[in-house]
Amino acid sequence: MSWDKQQMAARAAREIAPGSIVNLGIGLPTLVADYLPDDAGVWFHSENGLLGMGPFPYEGDEDPQLINAGKETVTVVAGGSTFDSATSFAMIRGGHVDLAILGAMQVAMNGDLANWWIPGGKMMGIGGAMDLASGAKRILVLTQHVTKDGEPKLVRACDYPLTAKGCVHRVITELGVLDVAGDAFTLVELAPGVSEAELAAKTGAPLRTR
Amino acid sequence: MSWDKQQMAARAAREIAPGSIVNLGIGLPTLVADYLPDDAGVWFHSENGLLGMGPFPYEGDEDPQLINAGKETVTVVAGGSTFDSATSFAMIRGGHVDLAILGAMQVAMNGDLANWWIPGGKMMGIGGAMDLASGAKRILVLTQHVTKDGEPKLVRACDYPLTAKGCVHRVITELGVLDVAGDAFTLVELAPGVSEAELAAKTGAPLRTR
Amino acid sequence: MEHTSGRHRDKVRASVADALAPLFDGARVMVGGFGLCGNAEALIAGVVAHGARDLHLISNNAGNLGKGLAQWLRAGIVKKVTCTYLGNNDDLHAARESGAVELEVIPQGTFVERIRAAGAGIPAFYTPTGVGTVVAEGKETRAFGGRTYLLEEALSADFALIRCHRADPFGNARFWRTARNFSPLMAMAAKTTIAEADELVALGAIDPDDVHLPGIFVHRVVEVREHEDPFEYRRVRARP
Amino acid sequence: MEHTSGRHRDKVRASVADALAPLFDGARVMVGGFGLCGNAEALIAGVVAHGARDLHLISNNAGNLGKGLAQWLRAGIVKKVTCTYLGNNDDLHAARESGAVELEVIPQGTFVERIRAAGAGIPAFYTPTGVGTVVAEGKETRAFGGRTYLLEEALSADFALIRCHRADPFGNARFWRTARNFSPLMAMAAKTTIAEADELVALGAIDPDDVHLPGIFVHRVVEVREHEDPFEYRRVRARP
């Protein structure tokens, strides 16, 4: 059982309040947009200088000068705007983005986030990750619960280089929804067919159930 | 003899290199624009958010939302642009304005400028004066040589609250043109009929003649 | 899971009074405009009608000729003014001299950069402006590259009242000529930004590349079609 | 009296080579664009032809797919890169691993704010980004309002190479959609800014309110009508 990626994205979409400004990180988080109702009144921000990002363009409509932060061709919705990067990061750093949904390599129970580099691995760079993690009003992490090697991604303390300290509020994985609580993770919701025992076993930090 | 205000403005206009960006302070400096040749390629900056400021509008064309920093109705030339105040002062503070022509209450021989407040008098405020004085690449002061009471405005050290330290390069008065030289003013040019002795007598600091 | 609605929908207000409803006593209020140019005239008048008092007004000039923000001074609803220039604003001179208003005067470039900093999440920055002047009193100085600079902190507000030429229902705004001035920065720096638009246009009517102020920085919009737009110093030249 | 001509006339250059003539070995060169989006393609190719070497490249990505600034890496004319993201730029990974290029990677918001600061005459500022991370190593921290911030210094350059959609002979420029990104800020931060315009229009053809980048920040303009504009990740959806 547990959630597949689409179900994780759908669950994450439920975290988005109507009328909010949301930045979706590269990868899994980009799926979340597909699960919002049309009348949600949610505005997607892309840190390369776009507010009101729409879906991928229809074939033939793609514009190489209209991309998202993942450098994918996108569209702009009615009421969207383009701006320079200083303005875009003013939006982020200034706390004007309500929610950022980010991927993670590790999340610690105190909210520390590591999502840009695993030492020894290919160093892809920082991009907007540190600004988003420290600037957005709320950080939701959307990630697999464990690594491909079965190691917990939710840990007592991050081993990998941090993106930002104490920034994460909530984590959604294929197993459920958890909040960071300082000295533990708190269980918010279990995916169907997942037991508290399984969740606890796969979490590398204390788990508090309500 | 000596220069009248129009002649002072004409002399100041000769200080403006073709193809430069110039900010004209309120009052006497605003006259300078009238003495530039049409093909000078000079762009006037107004710190309220206008580059490419043109002359006063023809009667009936005035727009209350198109003003200069003196809050006077103006026009915008072809190639002019409007922008917000942060961008406008980025132009000034960032050293992008080639020349500011400012009025003065006092100028010291080391280049200190006082032009915003005479203690005991009406305090009009600072406005853009301090930013212009410390930010423009070159500061030209255009002023009467002495006060209405006959006191020198060119002094060893300013008594009045400073606008900026060591910012002034050159001073044009009705008596001539002088450069600040640290321990003296240096004579650059005498107005017609003005003697070195008269200039020295009316200058409150050592005068060096070339 | 909380499902509170965000602030970025249903921004259009039917009246100035409705737009100003959240205003409160003692609020720090930024008001755009360079003198009387670019004033949110209806919102400024609406604040007097609202009845909020003890306001900390942050604006370049605080009105002139008895108009604009001078109305707030005359109504006695301002306890402090942070501005850059008084000029011939007799109401402000009088309020200062009587002690009715605490006055803080700062350089204009520092004023707007502090406001931008607040909006951009920058708590403080260094600037050359004011070094060696009264502005530097009590402030930290520091050398970078052999030049001395002052440390200046961000300046934020509870509300920003701005005037724009066109706005759409999301709050995307365009300004006309030099009426732009401080307004886009103040919109960034305030917790709640209220925009008075000469014209409310449909979503999508402003091309994405033509938005001066993205709606993320605007929270309430009210259309006000009529404005006095007084001339502060009307200068003209003769037609040739 | 000196009567040297200022830099704000006769900006239009007939060729890319002419526009790039002042480039020199060891120069710090900012190049606009987010990946390959918004690249000054002709200027980038022109720098290789110019022959300048040992460049310090300041750009968000330094190219990708062998295109754009990856050409500089392949030509071996770069000694240092300051960027925010490498991604799949194999040329940059290879140049870094071989030691051919010194690499500095910084957060994107800090990158662009440092560039803006240089252009705006702000020598340094505090930012929350990077506190408690490797980015903070060796940097001063300071608390404001109970939160810790890093001190970051301005980042300037000798040249900025930017691409714009339209420019006039004074250098007033407009950008298309997300091609704007870093270019307006880089233009402010460089001693000499060279703009590659898809279209050169007459003075006055761009309304004053529609200028994205005022010509005060641009020193040389060259019209280049043809661009490859490669897709980095071309994503589409099926028509319904």
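The first chain written gets the first letter, and so on, giving A, B, C and D; residue counts start at 1 in each chain.
Everything below uses one rule, namely that contacts are C-beta pairs under 8 Å (C-beta built on N, C-alpha and C of every residue); 3 or more make two chains touch, one makes a residue touch a chain.
The structure presented is a predicted model; accordingly, all values stated were derived computationally and were not measured.
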**OP:** Using the touch definition from the top, list the chains contacting both chain C and chain D.
**Re:** A, B
Subject >> Pair joined by the larger number of C-beta contacts - B-C, B-D >> reply: B-C
Original post:
So how far apart, in whole Å, are chain B and chain C when each is placed at the average of its C-alpha atoms?
Top reply: 29
Original post:
Counting in whole Å, what is the centre-to-centre distance of chain A and chain C, each centre being its mean C-alpha position?
Top reply: 35
**OP:** Mind checking the centre-to-centre distance between chain A and chain B? Centres are C-alpha means, answer in whole Å.
**Re:** 54
Subject >> In chain B, residues with contacts to at least two other chains >> reply: 50, 76, 82-83, 86, 89, 92-93, 135
**OP:** Would you mind listing the residues of chain C that make contact with two or more other chains?
**Re:** 113, 116, 120-122, 127-128, 175-177, 180, 208-209, 212
Original post:
What topology does the chain touch graph have (line, ring, star, complete, other)?
Top reply: other
Original post:
What pairs of chains are touching here?
Top reply: A-C, A-D, B-C, B-D, C-D
Original post:
If you look only at chain D, which of its residues touch chain B in the complex?
Top reply: 1-10, 116, 118-122, 168-170, 172, 188, 202-204, 206, 208-209, 211, 214-217
Subject >> chain C to chain B touching residues, read off their complex >> reply: 34-38, 64, 83-87, 93, 105-110, 112-113, 115-116, 127-135, 175-185, 212, 229-239
Original post:
Given the complex with chain D, which residues does chain A contribute to the contact?
Top reply: 46-50, 55-67, 69-74, 76, 82-86, 89, 92-93, 112, 122-131, 134-135, 161-165
Original post:
In the complex formed with chain C, which residues of chain A make contact?
Top reply: 14-15, 17-21, 41-43, 45, 50-52, 76, 78-83, 86-87, 89-98, 135, 188
**OP:** Within their complex, state which residues of chain C touch chain D.
**Re:** 113, 117, 120-128, 142, 144-145, 147, 149, 153, 174-177, 180, 208-210, 212
